[in-house]
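Here it is, the structure in full.
Chains here go by letter, A, B, C and D, matching the order in which they are written, and residues are numbered from 1 within each.
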Amino acid sequence: MVPLKLGMVGGGQGAFIGGVHRIAARIDGHWHLVAGALSSDPERATESAGELGLARSYTDYSEMARAEARHPDGIDAVAIVTPNHMHAGPVVAFLRAGIHVICDKPLAATPEQAHEIAAAAGDSTAMFFQTYNYTAYPLIRSARAMVADGQLGRIRVAQVEYAQDWLASEVSNKQADWRTDPAKSGAAGCVGDIGTHAFNLLCHVSGLKCTELAADLSTFVPERRLDDNGHVMLRFDGGAKGMLWSSQVAVGRENALSLRLYGDKGSLEWNQENPNLLRFTPFGAAPRLLTRGGPDQPEEGSHHLRTPPGHPEGYLEGFATLYTQAATRIRDARRGVTSSRNHIPNLQDGLAGMDFITACLDSNARNAAWVKLVPSDGSSMSDP
Amino acid sequence: MVPLKLGMVGGGQGAFIGGVHRIAARIDGHWHLVAGALSSDPERATESAGELGLARSYTDYSEMARAEARHPDGIDAVAIVTPNHMHAGPVVAFLRAGIHVICDKPLAATPEQAHEIAAAAGDSTAMFFQTYNYTAYPLIRSARAMVADGQLGRIRVAQVEYAQDWLASEVSNKQADWRTDPAKSGAAGCVGDIGTHAFNLLCHVSGLKCTELAADLSTFVPERRLDDNGHVMLRFDGGAKGMLWSSQVAVGRENALSLRLYGDKGSLEWNQENPNLLRFTPFGAAPRLLTRGGPDQPEEGSHHLRTPPGHPEGYLEGFATLYTQAATRIRDARRGVTSSRNHIPNLQDGLAGMDFITACLDSNARNAAWVKLVPSDGSSMSDP
Amino acid sequence: MVPLKLGMVGGGQGAFIGGVHRIAARIDGHWHLVAGALSSDPERATESAGELGLARSYTDYSEMARAEARHPDGIDAVAIVTPNHMHAGPVVAFLRAGIHVICDKPLAATPEQAHEIAAAAGDSTAMFFQTYNYTAYPLIRSARAMVADGQLGRIRVAQVEYAQDWLASEVSNKQADWRTDPAKSGAAGCVGDIGTHAFNLLCHVSGLKCTELAADLSTFVPERRLDDNGHVMLRFDGGAKGMLWSSQVAVGRENALSLRLYGDKGSLEWNQENPNLLRFTPFGAAPRLLTRGGPDQPEEGSHHLRTPPGHPEGYLEGFATLYTQAATRIRDARRGVTSSRNHIPNLQDGLAGMDFITACLDSNARNAAWVKLVPSDGSSMSDP
Amino acid sequence: MVPLKLGMVGGGQGAFIGGVHRIAARIDGHWHLVAGALSSDPERATESAGELGLARSYTDYSEMARAEARHPDGIDAVAIVTPNHMHAGPVVAFLRAGIHVICDKPLAATPEQAHEIAAAAGDSTAMFFQTYNYTAYPLIRSARAMVADGQLGRIRVAQVEYAQDWLASEVSNKQADWRTDPAKSGAAGCVGDIGTHAFNLLCHVSGLKCTELAADLSTFVPERRLDDNGHVMLRFDGGAKGMLWSSQVAVGRENALSLRLYGDKGSLEWNQENPNLLRFTPFGAAPRLLTRGGPDQPEEGSHHLRTPPGHPEGYLEGFATLYTQAATRIRDARRGVTSSRNHIPNLQDGLAGMDFITACLDSNARNAAWVKLVPSDGSSMSDP
């Protein structure tokens, strides 16, 4: 099977998430990175492209979109791995050029940018994928299917948290700088950077729709301009309640994204730092430790396994699954066949994340009062 | 050393916490149970007293208080282990009779009852001890001392939760019935029964004073008349923020009281279900697993050890420590010596718990709006 | 119910296990300690007895046995908590006096002493209980019943280990001194002190009979005269195989007694440091986390619960269960009723432990060659 | 940087480890798979090569070795991923052709084959890499460096185990069939397949040299012709002792390779199923939880990190590191520069594994008597 051709905007020297996307694209062999506008700095762009052996290097994403669209061997999709404020420009450019887009989260730095993207997507035949990568862990797939299958009964309580400590003191480096700069990150700090992941994961697995929230955001590190800790109470359609905690000052926690769902028939508990384990308790029975690829779980959990149980897969494999699914969607679309039912995060997820950010900022500005979430449109969270 | 003489109100056949108090009183040999008004039902009271081999059995606590005060070999202290609405009556009676009181939590079923108790305590020379038993685990003692010593620096975030599942469906038994009956439990259900433990533990260890809170209480089990799940956001004096989750519908969780404190210099994480382990992370260093009686912790953690590290102590031993400390206080007071600095939960803790309940109910009644906590008096949480 | 009267030999000031026995005897209220020969040093014996408020203090165990047998209010049973070499003397004396014996493990310091005890027991109407306390944890009771019920199928592999580090360097204190002195501990060090616990637990839960073993014992701490680490391979009747590791130089391990049993239908895994959890995996299914008092286990696991699930019981409660069972046996015997089927470790367990020690020493002396275990008699491990 | 060109022998449709090697080779982008003799069945070889988009497909490895050596764009290295009995043939062929070899473990099915390989390697300028992949986990690198640095002091006890359950009952599939067939696997079953991994890991991290061992091997599944469980006692140069347990009938265990090392100054404990955590206890201090890429560890642990701490890397990333290191060695050799000091498993490791298998079989044949390990040559385990 001939690999698809991938382009990349952002991800030059010193970047973090660009490298992750590149490994993710390589793991299953479905993609070949051939072109990029890796940096807005021409010299760094060229150097970075050289290191990666790219066939075509650009210093301007607009030019890249135009050129690749015309190129006989042009890219099939582009990965957008720039800081938040630099998502909308390239996303819109590539969608207009009819090139599929794989975009890092959150969707954009502002609601206005999100709307531009949504408008461009509406006008384009190209697909948009949002890399809410944590949804792609096999046990998260199992969890989602178990909820959908009714194994938890009616969900009553959803607890999600995402705790890190890398911003617990004043830090200055490429990663920290843009994330704590309102001009680049948008008006949300921690709640946008990782709170959105937590919110997305909760909604993705539980199928719950958040109807209102109350958010108390804090900035603990002196001089910091954006929130570095967020406490959010959530209410869901149908009466379920939830809590979300996102923090980048939780000393001793590296990347502790955890999800716990409690229904009237059972519960699920999962932690990203040991993603190959899922604790499932049917009400009245002993907890079961479900393992990636192991017994007692729905087949959705086994769609993208590369190794047998006990041979841990990690963050990169989860990310890779999104790239593999995107490749499948693109190929299926070309052949005119209907893609499998596996969800891959898309524009609706991206917009839902923006709505969440907006609601949190709004609530926080009003002393953590309850604010309604008005979904961007009625089809939130549904499949593309 | 001659054991002190203990009386008990409540704790007859079918009771849970009465039996716990009795074992706790026995473990270290400082108490001898000699008298009781174990049930308001005369027959059951007599039968229960017979089973326990009590020297004196009463059917009325007022009579018991009067008789024991006059008895030449009268009790040194009384344990009050009745349902919440039956705390104030006996507590006041025994305090007035000059007999020390060891009372289960929460302090009372209503603020009015709490005030009666406070007034009686003010007029009495007798001491009042509130069995917030989770404070007495050795590693909780270490944790409190480490915070006081500045090892966490300035605390920024406090996450506490208490999750059970025994009320996840409609249940009817002696324990469940009174806890879900407003006439016996008071206006708070889960948030009063276990939320108070969580709140007390957070304040006890962190030394933080909660200044306002927003509480979203739920009742998930149909027909239930009191809350069975509570989500609370907390703000503390000095700018720290917190979350408290108490639930009795968290399927798969038995008695999961956990506390996590994050400061600018370090963090502490502890879970009651494995109470012999405390995770301490100095900022920038690898987490340390502190063990009960083990190395790298302050001597406060070693005041009440009965077994070496690795020989697990549990719930009953923690509870026993309160009884042992109460015995020491009583003996010290008789000898006119100053007691050790070890905190034993007292009336102030009891009143703080009532303030917490009141604030939660008030907030919840106003759509989880923020409400101020006005401490019952200025000396909240200080030692007696 | 009137408590039984307990005497104690050993356990004076500075002792460890004597204090454990006393708490264990108190916890459920079935025993009252009234007499003791707490130390061979007369002054310390008197002082220790005074601190404990004993009615009668002796300086000589023989005198105590005679006197208590004649005393109208004499003790019902005696606890022997002396160092190993001082077990046989008092055990024989009390058995001859017709007084029930509760003896710490191992049975004795030498095989000869063990035989003396066995002979005396054969001639006595008194009962002998051996405090292999780890057998009394509720989940160990569940595990034993599950194995007996066939839930593991035919056991193939048994892995047991007991790792401590308190003797990892040269230590000198009352506990360490006698345990590392051949004159007091016997010819076995670590393998006798804790290896016997591991071996007993394995046999108790699995029901397997060890037929031969090969033991490689080491002494790592310079100047030490007894083994401080033992590696043992085991073969069992029926073809199962096992490994036993006992160590007192395992830096970082406090009291890590763990048992793992693998059958053709399922497995069980348990660790003493978190005794309220038992991992059960039916072949082909996800592991179940069984909790003390929780669901999905046989009723044997719920015979001696003092607290609900999630309220951890520990080392002392397990120990207390042996005292409670001993009290029941004594009362049942007096009333002429048949005791329940619950196993309480007895002389056969004690002798099996001695056989294990002898075999280990023998094997080790012959370069860890395989040696047969000839059980002391045919009824090894059976109930009294 | 232009990727190196990789060939593969074995790994056609239905294979497991071939797929792992291919992903491992792709992850860091240092390799491009261009040629293969993927199956001895010509049709399957062609089909498999087509699926993978190989430039050149062979049905005979000898022909492949000759052809690639002559090809102007011939492969730089070949991966040998056939069953054990098919290692020696292709390894020798490629070494003779001067093509670097990356070979799965164990080295061969028989000592004779191992010697052929060793002879061919001695005559060749090509390098030989053995994929003892577990050595490449970052925390294993940290562990090895910590031992070398003296942080454990003198190692006394080494406990290693590798427990799986996938062969706990009769199984028939491509993976199981050759592993349980003496003609393909060699005379060792489980102890060769995974016992060698355990032994290699122990030696790699501890630096200990095993001087003698006693092995008790079992075959539990009826009709099986090779061992499926092995108990081994180990003695090391300098007096350390160890135990190794390898099992493929350990119901409930998926791929539980764990290593524990106890020295007089500290200990290390690690489990492959959660490879991003390493427990380090300095004697007398609380255990530290070292995390992949986290604080308090030597820089050797950070040589091959793809993601920040808390973003779990797994089995494939560890495997990929071997491929990346092999690429570096090959490039360094071409440029005539000295490679870094990072160990990559090599022929000596392969031969040590064969010696281990031979000794185990020999001991087992003599009722688990102690047998000496005579290392294949004096430079065992040293770097190439």
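Note that a contact is a pair of C-beta atoms (placed from the backbone, for glycine too) under 8 Å apart; a residue touches a chain by one contact, two chains touch by 3 or more.
Per UniProt, the chains are A, B, C, D = Putative dehydrogenase.
Fair warning: this is a prediction, and the values are worked out from it, not measured in the lab.
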item	value
Shared chain contacts [chain C and chain D, defined touch]	A, B
Candidate from A-D, A-B or B-C with the same interface as C-D, over half of contact pairs in common	A-B
Most distant chain from chain A, judged by the mean position of its C-alpha atoms	C
Whole-Å gap separating chain A and chain D, where each centre is the average of the chain's CA atoms	35
Distance between the centres, which are taken as Cα means, of chain C and chain A, whole angstrom	55
Inter-chain centre distance, chain A versus chain B - centres from mean C-alpha coordinates, in Å	43
Sequence positions of chain A contacting 2 or more other chains	253, 279, 287, 291, 294
Complex interface listing, chain D residues touching chain B	279-280, 284-291, 294-297
List of chain C residues in touch with chain D within their complex	156-157, 159, 161, 165, 168-169, 214, 216, 218, 220, 229, 231, 233, 235, 239, 241-243, 245, 247, 249-253, 262-267, 269, 279, 281, 283, 287, 367-370
Residues on chain D engaged by chain A in the complex (per definition of touch)	1-3, 16, 19-20, 22-23, 26-29, 51-53, 164, 166, 253-256, 272-276, 291, 294, 306-317
